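Have a look at these structures, which come just after this line.
Two complexes follow with subunit A in common, the first pairing it with subunit B and the second with subunit C.
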Partner chain A sequence: MGARSPFTMAGRASFTRARFIAGFLAVPVLLYLVYVISPYAQAFYIAMTNWRGVNASPRFVGLENFQRLLGDEVFWTAVGHNGMLLVLLPVLTIAIALFFAFLLNAGGAGRGVSGVFGSGFYRVVFFFPQVLAVAIVAVLFQQVFRPDKSGMLNAPLIALGLEPIGFLSNPNVAFWSILGVLVWQAVGFYVVLFSAGMASIPREMYEAAQIDGAGRGRLFRHVTLPLLWDTVQVGWIYLGIAALDVFAIVWVMTAEHGGPDHSTTVMAAEIYRNAFQYFRFSYASAMGVVLFFFTVAFAVLALRLSRRERVEF
Partner chain B sequence: MVTQAEKVRLSRGAARARRRLSLGPLSGLSHVALLVWTVLVVVPIVWTFLASVKSEDEIFGNAWALPETLRWDNWARAWEQASVGRYMLNSVVVVAAGTFGTMLFGSMAAYVLARYPFRGNRAIYLLFVSGLAFPVYLALTPLFFVVQNMGHLPLIGQFIGLDTRGGLVLVYIAYSLPFTVFFLAAFFRTLPHAVAEAAFVDGASHSRVFFQIMVPMARPGIVSITIFNVLGQWNQYQIPLVLLSGQSKDKWVLTQGIADISTAAGYDADWAALFAALSMAILPMLIVYTIFQRQIQAGLTAGALK
Partner chain C sequence: MADNSLSRRELLRSAALAGLLLPAAGALGACATPSGGGAPSQAPATAATSAANPLGVPGDKPLEIVIFDGGFGDAYAKNIHQPLFKTKHAGVEIKHSATKEIAKTLQPRFAGGNPPEVINNSGDNAMDFGALAQDGQLQDLSALLDAPSWDDPGVKVRDTILPTAVEIGSYDGTFCVLNYASTVWGIWYSQKLFGDNGWEVPTTWEQFTALCETIKKSGKAAPFTYAGKHPFYIYETILTLAAKIGGVDVLKDIDNLEQGAWKAEPVAKAAGAFAEIGAKYLLQGTEGLDHIQTQTAHNKYEVAMLPCGSWLENEQKDTTPDGFGYAMFPLPSFSDADTLPHGTLHSRPGEEYFVSARSANPRAGMEYLRAMLSKKGAGDFTELVSTLTVVNGAAEGRTLQPGLKSAAAALEAAGENVTYFRFRQWYKELHDEVAAATGQLMAGRLEVGAWADRIQRKSDDIKNDSSVKKYTR
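And then the complex of A and B:
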């Protein structure tokens, strides 16, 4: 905003202006302070008390909860799973989405660079899982993954005389089932996102590269990817944060909310379990603080690492 | 004699024929890859729809067998006995109120922060935006007690405490504000000043300029972010799980209700009704999405492209 607005000329005008500003901000700021800022602020304090559901007066215990957390194997198993998701979810989703987005925008037949026939249709279908609630998707795949011939995936295996796979009951498999469902739901969003980015790449760029004899693989590597880098970076951060925040899919879909045998549990599930099933409010808050620092560390790291020479066009 | 229109039509046809001729192997492979993913997306959903009209025996039989007769009574049971109708109504009420409140208060705050310089403006803006960085799980425990305490307020407490839809709505609004304010403030900043200034000269009040001039001008941004909030709040699971306990099942939202049917389901569960319930949750989204897919895709990706 350049010069002061014209409505600050007289004292009366400035009073109505101030009243307007205060009036418009009062409710949103109040709601935000009460329901968002105050809980976050309290969480850091609660993490340093010994508050459990039973005792009425929590006592300050410093970093005791964090010390106990260091020796909590289940929590570190959960952290490990979040860590694996943090790497695998973005890598797989972005790779698959880039592949499809490139096909949709530049995989078409004919001279020049064009999208494939029916690219609009694919975009609509691919995106659909994104509008479904994660909890609904979790229930859906719980049924798809059933361990006997009533399971959508196991029925053909059994028909072929193969052993059925315990998608959710085998501790060595269950984590990968979670990852699969997460990728299944996420890909469409990034196909649309990357498509939008690719559509804004000038056609002449491709034509110039083609005249120089570049094939589609090289087009992708040397034209599409560098020009799309900013968007990929945004996707990487989004998916990373999503990986740290996984909850509903694990809580709803897996046995024992993170089982079998903690093989799928994640930080958010442990926080919820400790707070609302064991009523260890302080301990759960300490986990929340750890999750918070992981999130901040990831965001800072991702921004640092992926900062590259920006290509202007 | 060949008219201009015919000429155009002819050349179009020729171009199409040429394109068809040059359908290279790459295009073929592209389609195979794209079709595989289409199948991966569509089949589980269609399979669920089919299972929703199967009998219990058919559901426990071969998963790929088609239903012998279409048992719509599964749907009736899910709607009535499994209370899916109730849950859906709750979701509609909560999301309608939540999104309306989010848009009203979010756009008011965003507008003032974007266009009225004053001391503390920047601080309030940053306070809102900082909410984007915090994982909601950190706030869960204190949030539960904040809402519990709100329930003890005189008069209004009974409408906004734990186990109330009002409490859930207020929490939805508060947690939707960071992104809404962030996005709309950026949008309001880009709008021209001339129209508003002309209105001020004509003696319009600040709030009148906002509601009658700025909001209509910001319509594209408001539509995008409304869609974003509707979907976000409709799909919310974690917050209702914390705020609406098992004692208030009549207030549960759809995600919570369906997840509960599935996790609580034992051997004697009504599996056919579960599939019907799932279908009922998916179908409206499918229809709404098909109608508004362009706006929905734009709305959901708007944040990432900013």
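And then the complex of A and C:
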């Protein structure tokens, strides 16, 4: 009849608490298991069969698909393109976005910290590409890059009597056209992200640096960038993952879906092609498994490399 | 099962039985050689056959039809074939749908074991016939061929259609795919543009290149173009010329993945000939334009000639100016030593329809195809979508558009000299490689020798890949 011992009280409380948490978590964890983990697990299994998508009973073939993958030149071309995008897309996007964000927030002429003239307007304009659906962007740029008189970029060239540039039809140029579109589409979001980061940097720091005689370049290098490093890191990881996942722009915009002559193809495009055009679902799953490991490796590497001391303010 | 009212006990019992049998069936299915038939996952519905109902269509079971919503649209199915089917089977409820994404819509239904009865498996996103055949999803249509035709009970269906339709629709000797439309390929031009400028249709390669030169010098239009983004349009022409130079065996060797098939002399000659056209006479920017863009340029008289199939006129009906006067001519003779005479055409049945072997009501599906193959079904189709069919004489007495009329005349003139190739349907990977390499050949970035080497390597790879089902003709 005595008071309950503190031990059982605590036990009860933690049980109630656990039940409370479990109650909230059960549904999302279940959904996650069914819709995320289980497809992953199935992909690993399918990769080791000869499934062609329409049969109810695939045959187990072990690592045969992975062996074939090793000798698949097109797939390794695709991996190479993803690798280049992994380096170039974040570097270019972040550099351009930082430049614009700095101009919009602290690049104004004269004393005090303000953006360039009309920065409110530019901020909206930069965000436009982000609002457009990817497929629309791809179709839009097909027209921009058209190799005849109707092409936005080639029309002036032809008018001047020059040869039109095969932005999407010359295999040596096509990849760079794709990179250009990807950067164009991504910059807007990172301008906004970095602008938000810059807005939280105390004005006194800029003012103090200006009083000390720092110009715009030094302001950027010694005040803005160090204080914005966390945000840049996040941007880097997002863009890296985006570079590994490039698909729609390539698929919709290029000839032969990743061409001409495989010059723009990426891993996701090869997976789609093998699954839904060649009906080699098992082989496509093997590619998916490889992509999965690339993505995980990138995430681990990026988090390791970008560890850096924070500047407190 | 004719009776669907199962008691709960029966249901449980059959479920347990299925549980026992399924693994066994799975094991069989995994090593069974692909064939037209294959064990259906549910017993197909049948009824007694009779003179009025030779295929034994059950009168009360529904029939589901999925049409590819492409160049032909789906009005022909809804307004021509389905009402026609209903005239004999009023009790059969038809479930019609149309989609551009055949594979995405239907692949899960095949994997799930409840596919629709009739599928118009066509377009860019069609399901792979090799995979379907390999998995026994295609209903054996031999019974349809041997059934009396819709119009005349004295004549079998087999005798009312082109023999190539049976050959092309056969996988491993079993007829299981109906290719309904008869496509004719050639070089298309505008009768008005040619007439206004006094340009003559060429019959030899010298005349053809001379005509290209004349057109180029006139400055009125570019001589030649093709759908640069889809190099199939030009590799089709190269292969047809190769067959004309070296005979039909050239294409048979290619289809059979023979060693050195792509390095044969006729192939090299034909590729070289078109590479030269590519270097000298193409519409500016061709390699970056798609079929619609080049065909529209053609309609605007910006380019004089392009290679295409007989669907062209229908595809362009909204942009063709009045008096344009579509017409086509067969490939010019390369030299006097050509194996096949002038007038040789690439023509083959296309636009595939099949009945799912594992659907609930395959008999009704076959009956629907029988209705399509009637004179009325085929003739109305030809008039509506401006395309010939594989049904003999179905276009007779019908009003044809000028382009289709010229295609029909060319086909008539070609007689036996008709060529085609099949690897595009059999080995899609090879098709993609030929397309990629040919695009580079036409743009001058690949020499004929390197072009042939590349494609031959791919062909050999496929030949040596045990996971790819092989076909021969």
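Structural remarks
Note that the second predicted complex is superposed on the first by the 274 of 313 C-alpha atoms of A that agree within 3 Å, B and C clash if a C-alpha of one lies under 4 Å from a C-alpha of the other, contacts with A are read in each partner's own complex, and residues count from 1 in each chain.
Keep this in mind: contacts are C-beta pairs under 8 Å (C-beta built on N, C-alpha and C of every residue); 3 or more make two chains touch, one makes a residue touch a chain.
Everything numeric in this text was worked out from a predicted model, so none of it was measured.
Judged by the touch definition given at the top, the superposed model places A:I37 against subunit B, while subunit C stays out of reach. In the superposition on chain A, A:A268 makes contact with subunit B only, while subunit C stays out of contact range.
Legend: residue contacts after superposition of the two complexes on their common chain; A:H81 is shown touching neither subunit B nor subunit C. In the superposition on chain A, A:V234 makes contact with subunit B only, while subunit C stays out of contact range. In the superposition on chain A, A:P147 makes contact with subunit C only, not with subunit B. Of the two partner chains placed by superposition, only subunit B is touched by A:P28; subunit C is not. Contacts of A:P260 after superposition on the shared chain: subunit C is touched, whereas subunit B is not. Of the two partner chains, subunit C is the only one that A:R59 touches; subunit B does not reach it. In the superposition on chain A, A:L168 makes contact with subunit C only, while subunit B stays out of contact range.
Comparing the two interfaces of subunit A, the one with subunit B and the one with subunit C have residues 146, 148, 151, 154, 276 in common. Subunit A makes touch with subunit B in their complex at residues 1, 4-7, 16-18, 20-21, 23-25, 27-29, 31-32, 34-40, 42-43, 46, 96, 99-100, 103-104, 107-111, 116-117, 122-136, 138-144, 146, 148-152, 154-156, 159, 184, 187-189, 192-193, 196-197, 216, 231, 234-235, 238, 244-245, 247-248, 251-252, 267-268, 271-272, 275-276, 281, 284-285, 288-289, 291-292, 295-296, 299. On subunit C, the positions that touch subunit A within their shared complex are 25-27, 29-31, 41, 103-104, 107, 110-111, 113, 125, 127-128, 130-132, 134-135, 137, 228-231, 283-285, 287-290, 293, 297, 428-429, 432, 435-437, 439-440, 443, 445, 465, 467.
Those residues of subunit A lying in contact with subunit C across their complex are 50, 52-59, 61, 64, 68, 145-148, 151, 154, 158, 164, 166-171, 255-256, 259-262, 273, 276-280, 283.
Considering their complex, residues 18-19, 22-24, 26-27, 30-31, 33-34, 37-38, 40-45, 47-48, 51, 59-64, 105-106, 108-109, 111-113, 115-118, 124, 127-128, 131, 133-144, 146-147, 150, 170-171, 173-175, 177-178, 181, 197, 200-201, 205-207, 210, 231, 234-238, 241-242, 254-256, 258-259, 261-263, 274-275, 278, 281-282, 285-286, 288-290, 293, 296-297, 300-301, 304-305 of subunit B touch subunit A.
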